[in-house]
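Attaching a single structure in C-alpha cells format; questions to follow.
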Amino acid sequence: MSETERGREGERTDRTTADGQFGRYGGQYVPEALMPALEELEDAYERYVLENEDGFMDEFERRIRDFGGRPTPLGRADRLSERYDSEIYLKREDLVHGGAHKLNNALGQVLLAKYMGKERVIAETGAGQHGTATAMAAAHLDMPCEVYMGRTDVNRQRPNVFRMRINGAEVNPVDIGRGTLKEAISETMREWSRTVERTHYVIGSVVGPHPFPAMVRDFQAVISEEAREQAREQLGSLPDAVVSCAGGGSNTMGAFHHFVPDDSVDLYAVEAGGSSLEVDEEAGVAPNSATLSTGDEGVLHGARTTLLQDSDGQIMESHSVSAGLDYSGVGPELAHLVDEGRVTPVTVDDTAALEAFHRLSTDEGIIPALETSHAFGYLHEAFESGEDLGETVVVNVSGRGDKDLETVIEETEKRGLESAPDMSVFETGGGI
Amino acid sequence: MGDDAADAAGASGSADSRTGTDATATAFDGGGAFVPYLAVGDPTYEASLEYVEALARGGADLIELGLPFSEPMAEGPTIQGAVTRALEAGMTPDRFFEFVSELDVDVPLVCMTYYNLIYQYGSSDGPRSFVERAAEVGLEGFVVPDLPAEEAGPLREACDEFGLDLIFIVAPTTRGDRLERMMERVSGYVYVQARLGATGAREDVSDQTGESLERLADWEIPKAVGFGIKTGEHAERIAAAGADGIIVGSALVDIVAEGHEDDRPVEETADRLAEKARELKAGATRGAESLPEPEHP
Amino acid sequence: MSETERGREGERTDRTTADGQFGRYGGQYVPEALMPALEELEDAYERYVLENEDGFMDEFERRIRDFGGRPTPLGRADRLSERYDSEIYLKREDLVHGGAHKLNNALGQVLLAKYMGKERVIAETGAGQHGTATAMAAAHLDMPCEVYMGRTDVNRQRPNVFRMRINGAEVNPVDIGRGTLKEAISETMREWSRTVERTHYVIGSVVGPHPFPAMVRDFQAVISEEAREQAREQLGSLPDAVVSCAGGGSNTMGAFHHFVPDDSVDLYAVEAGGSSLEVDEEAGVAPNSATLSTGDEGVLHGARTTLLQDSDGQIMESHSVSAGLDYSGVGPELAHLVDEGRVTPVTVDDTAALEAFHRLSTDEGIIPALETSHAFGYLHEAFESGEDLGETVVVNVSGRGDKDLETVIEETEKRGLESAPDMSVFETGGGI
Amino acid sequence: MGDDAADAAGASGSADSRTGTDATATAFDGGGAFVPYLAVGDPTYEASLEYVEALARGGADLIELGLPFSEPMAEGPTIQGAVTRALEAGMTPDRFFEFVSELDVDVPLVCMTYYNLIYQYGSSDGPRSFVERAAEVGLEGFVVPDLPAEEAGPLREACDEFGLDLIFIVAPTTRGDRLERMMERVSGYVYVQARLGATGAREDVSDQTGESLERLADWEIPKAVGFGIKTGEHAERIAAAGADGIIVGSALVDIVAEGHEDDRPVEETADRLAEKARELKAGATRGAESLPEPEHP
C-alpha cells in the first residue's frame, strides 16, 4: 500500500477540527449512539481543558497537587548511575496518590464529568489500577462510580477490588469471554451506549475515540511538564533520553509530551515482549503485547491505531507478566510518533522485566510496578549491550509494585532467577 | 490527500449521487419488511447455511449476515455469544464470502460487521478489496456498527465504485447536523436504533421509536427499526408506527443458541427459526397494513 | 508520691547534657554494653543533626525530598469539612514513599549510620511498616539491613515481609514469647548489644533510650514544619487544632513539634482504645493500647515513660485492631507534654476506628492506615458530640491503608458495620 | 532535685564512701569464687527452692537470684525461657521475697532483675520500698542489667540507706570516663561481661576477658566474670586470667530446662545442678590456685 493511499485512508472528510487525527491514526470508530456524547465531550475538552473555562484547569491543578501529591520528584538513582556510568534520574509517578500515574487522568476526567453536569462515571479496568484511581477520584469528588472488570481479573486482583469497593465504587464483574481487559472495555462501551446522556466514561489510557487520546495525554502531560523543568533546574540541561513503559501509552505520552519538540531528547517506549515476539495466528494469541514493534494498523475500541491482529483483522490476545501492559492496542498518537521516527519502540521480555524489578528494588529501595520494570529492563539491556543512551537518562517510574508482589514471587521462583531474594523465611515454621 | 480527493469523497455520499443496488431499497417496497440477522457460522458453517435459508423460507425480505469480529463492541450478550461460537468454529472473512456464494436464497443480503475486518481484507489496507469481493459474491451492502458517517468516506467511496449500499444506524441520540451528514451518506436503507443500549431482545418496544421515525420523516429512504424486537406483536407495533421494516437479531440468535445448547437436530432449529420468522413477518405485515396509504412522491 | 520525689527520681546526676530528659521522662535504661554506642550516637546526633556537620541535614533534606517525595500536601477535605461544618485539612504522610511517615525517620537514621561509618543497620518491626521503611532506606543508601520481626507477625504480615526481602533486607523471625513487636524490640536490642561496634539500631518511633526520642522527633518534625508553613500560606493562619494518632508517638511528635510553642493550637494525641479501656491484670493483658490515657510511669525499652503495666511493674500486652498502635509504651516526650497539659490524650475504640476508615475512604477517596483511622475516629466523635475542635483542624494522615485491607474486611464483617461496602462481588462466581 | 541531693548521690557511690554488706565482697576472699545464677520460680517455686539449695551444696560462694521481668532485654534465649516459665508459674516480686526468706542456704544472695520491677514496688514509685524489703529478707545486693551508672542515683541512694550493694556490669565496650563513673558507684563486686552479646552459654572463652580484667586492674573490688562460662575448664581459664570469681547462668538454666522438658524428678535435676556446680567450683579453684600470690595491700 502506498503512502498516498494510507494518507487518504486516514483522512477524515468533514470534521470541523483535525484534533482527532494523529497522522493517519485516531478518529472516532464508535457506535452512532455514542457520537453525540463524543461531540459533547470534545466541546467540554476544548472549553474546560484547552481554554480553562470556569477555571477548570486551575481546579485540576490544585487538586492533583493537594489530593494527588504533585509535583512528584525527579530524583537521581545513585546506584544505577554508578552501574551504567551515566546519570540516571527517576520521575516518581509511583508517589502519586494510589501508587501510579493513573490518577492524573482519572482525576482530570472525573472533574470534567462534574463540570459537564454528568451524574455518574463508569470505567473499565484490567489489573485494577485505573479502576482504583477512578474510584478514588470519584470518592474525592462525590461522584457515583461503577467499574467494569473481567471476572478473571476480579478473582485475581482481589486487593484492587477491595480498594475500589472501600472507596465506594460498584465493581461489575464481566462474565464474557476470557473475562479480562478487552472484554471489560467492550462492556464499558456498551454500558456507556445505554446511559450516555447522564454518564461519563473515564477511559484509562490514551486510547479510544477522539477526544480521549488527546485529553488523557493532556492530563498526563503534567509528568513531562514537571520533569522538563526539574531537569533544567537540577541538571542545568535537558536529558539525553526519556524511557517509559507503554501499555495503552498514557504514562509514555505523559512523560514524552513536552519533550517531543526537543530534538536532542531521545524517546524510548518500552513494550512488553512477553515470552516471545512470535505469534500463534492459529490460536489468535500473541505471547507479548509489543504492539508498536510487531503490530500493524487497524481499528479497535474506537480508534485507528497499531494493533495486534491476525491477517484477517481479528484482534489477538496479548500476553505479558504485567497485567497493565497486557493490551492488544496502543494510543494513536504514540503509534504516530513511532511512524514519524520521533519515538523509538523497544521491547523487554518477561524475564528481563522481573530481573529489573529486583534490581531497582535492591539497588534503589524503590519497588516498581511490573509495568514500570519494563522501562528499567530496557535501560539495563541498552547499557549492558554497549548502546549509549546518553549522559543523562530520565526513566518514568509509572507506578509502585505493591500490587505485584505475589506475581513477582511466583514468577521469580518459577524461573529460578538468581537476582531474586529467597523467601525461605516463611518456610521454617516456628513453634508459636 | 489533496482537496480533490476530499471533494470526491464528500460528493460520493451526497444525496443525489447516492448509488448502491436497487435490491436493498426494493426489499422494503411492500412496507412491513422483515429483516432478520444471524451471525454466520453460528454454531457451525453448515448449520448456519440451513438457518439462513430457513429465515428466507419464513418470509425474510432482506437478510443481514453477521461476519463475526473478535470485539463486538455494539452487541449485547446474546449476539456476543453467537459471535464467539462462530469464531470458535473457524469463521473467517474468506469463509464468510464462501458462505454467501453458497447460500441458496433469493432475497438481498447485507453484510454486518466491524470496520477492522473490512479494512484489513486483502493484500492492501483499506476497504476496497473487501467491497470488491463482497460485490463478487453478490452482497448488496454493509452495516458497520463502529463506523459513523464521519469515518465512512473510504468505505462509501468503495461502495460507490462497486455499486453497493452503505447503511447507517440512526440512534435515539442522533440529531441535527449529524442527521444531515448521515442522510448525505446513507444508501439502501437506514437502520433506526429503537433505543439506547447494545443489541438484545427486550420485552417492551421503546417509545423512542416513534420519535426517531418522526425525525427521519422527510428521508426518502426506507427506515428499518431494530434493537429489541422479539415477537410478532412487537413487529406489528413498530410497523404500525411507520417503520418500513423491522430488524430482528437477538430473538433469532436465542433460538440458535438454544438449539446448540440443547443439542437439537439442525432441522429442528431451522424449523423453529422459520416459524419465528413467519410470526415476525406476519406481525410486520399487519402493522404495515394498518398504516394509511403512503404518500409516495 | 509527691511532685518533689518524682522530680528527683527523674533527675540524672551526672549527664553532661540534659537533652535526654523530658520532664521526668526519658533517660538511658540499657545494658552497659550499649552505653558507649549511645554516647557515640549522642555525639553524632549533635554534630550531624543539630549542627549539620558535613552538610548532613542538607543531604537528608535533599533525599527525603527526591527519594521520599516531600513536601507532602496539606489538602482540604471537602466532604469532611461539610460534614463537620469546620475546615478540615489533611497532612498527607500517606504519600511519602512506602506509604507512611515512617520513612522520614528511617531515612534519617540510615543516613546517619552512614555518616557514622557503621557497616550495617538493624531494626525491629511489628506490622512491618518501620521494617519496610528501613529496608527501603537501606537499599537506597546501599547499607546492609536486617529486620527482626516476631514469628506471629511474619506470618500475618506477609506482604510487608515480601517488601523487605525484595528490597534486599534480611528478615529474622523472632521465635520468642508471642512473637510480636515487644519481643522483636527486645531481640533487636540484644542483637545490637552483640554487634554494637559496627551496627546502628534504627529504632522505629520516638521511644527507646536517649538520643532516640529526640532524634526520631527531629527527623519527623518535618511534618509540622511543612504543615505550619502550608497552613499559613493556604489558610492565612495557624489551625485551631492538630489531631494525630499515637502508637509510639513518632507521627504525633512529628505533627506536633513545631506547633508546641503556638499556644492557640490544640494538640490531640489519639490512642487505640481497643475493645475496652479496662484491663485484665490477672492475664497481664490490656485490651487497648491507651498508654497515655490509662498507663503510668515506668521503665521500658531503655526509657522512663508512661507504660501499660500491672501493679508489680510487669509489662502488659496491649491490643488494638491496628498493629502499628499495638505497643505497651509511648515516647517520653509525648508523655511529658501530656503531663504538662500541652497535649490532650484521647482514645478511640476499634469499632470507631473501623468506621472512620470507611468514612474517609468513601468521603474523600483516601484509604487511611488503621492507625491513622483512629485520628479520624476522634475527629468524628468530637464533632458529633458537639465538642468544637475549632474552625480549622489539621489531621495527620500518617499512612495509607493498603496494608490493612484484609484485616478491615474481616473486622468489618465480624462487626456487621453498616458503613462498610459489601464485598459480595466475590461471591457470585462466574462461569469462566 | 537540688544540687545537694545530686552531690549526696554522687558522693554515695565514691570509692571511699562505698557502703554495702561485707558479705558479698567477702565471698570472693578465697579467690576462684563460684557465682551461679538461677531464675527464681523456674519451673516452679518449690523446684526452684531445691535447685538453689543444690547450688549451695555444690559449692556456690554467692548466688544471683533472678526476679523474672516480662521484658528481659539483656538475656539470651536460655534465660528468656527460664523467665517465661517462672512468670507462667506465677512468680511475682512478693513471692520472690518470700522465696528468699524461705531459702535455707548460708551464702550471700544477690537479686538480679530489671529496673521497672524495682521502681514499681510498694506503694510509692521509686526504688526505696523494694530495697527496704530486700534488706528485710536478707538480700545483700542488686544486679540490674538495664540500669547503667548514670541512671543509678536513686537506687544507689536507697542501697546506701539500707546497707546493700549495687553491682554494675562492665562491658567490653566500657572505657575511660564510663569506667571512672562506675568505679565511683559500684559496691560488693563488679560483674565483668566476658564479651558482647546477651547472656548464653558458649563453647569458647573470650579473649576479651583478659583485656577487660586488665582495664580493671587497679579497682579494689572483686571482679567476677560472666557471660558464656559453661564448663569447669572454662572456669579454670577465667580464674587463671585473674578473675576473682566466675558467674554462671545459662549452663545451669539449661539443666533446669532439660529437667523440665524431660519431666525428670526434681531431686534428679537438683543433683545434676549440684554436680555441675562442683565441676565449675573445682575449675575456678584450680584457676585461682595457678595464680601468683595476690599482692594485697
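Quick notes
Order of writing sets the chain letters: A, B, C and D. Residues in each chain are counted from 1.
We take it that a contact is a pair of C-beta atoms (placed from the backbone, for glycine too) under 8 Å apart; a residue touches a chain by one contact, two chains touch by 3 or more.
The structure presented is a predicted model; accordingly, all values stated were derived computationally and were not measured.
Take subunit A out of the picture and the remaining chains divide, by touching, into B | C, D.
Between the contact lists of subunit B and subunit D, the overlap is empty.
Centroids of subunit A and subunit D (each the mean of its C-alpha atoms) stand 66 Å apart.
Subunit A and subunit C have centres, each the mean of its CA atoms, that are 35 Å apart.
In subunit C, no residue touches two or more other chains. Subunit B has no residue in contact with two or more other chains.
In terms of which chains touch, the assembly is arranged as an unbranched chain of neighbours.
Per the contact rule defined earlier, chains pair up in contact as A-B, A-C, C-D.
On the side of subunit C, the complex with subunit A involves touching residues 65-67, 69, 72-76, 78-79, 92, 94-95, 97, 99, 135-142, 151-152, 154-155, 158-159, 161-163, 165-168, 171, 173, 175, 178-179, 358, 361-367, 402, 405, 408-409, 421-423, 425-426, 428, 430-432.
The part of subunit A that touches subunit B in the complex is made up of residues 1, 4-9, 11-15, 27-33, 35-37, 39, 176-177, 182, 186, 189-190, 193-197, 284, 297-302, 307, 309, 311-315. Chain contact summary for the complex, subunit D toward subunit C: residues 1, 5-6, 9-10, 69-77, 80, 84, 87, 92-94, 114-121, 124-126, 145-148, 150-151, 153-154, 168-175, 178, 181, 193, 196-198.
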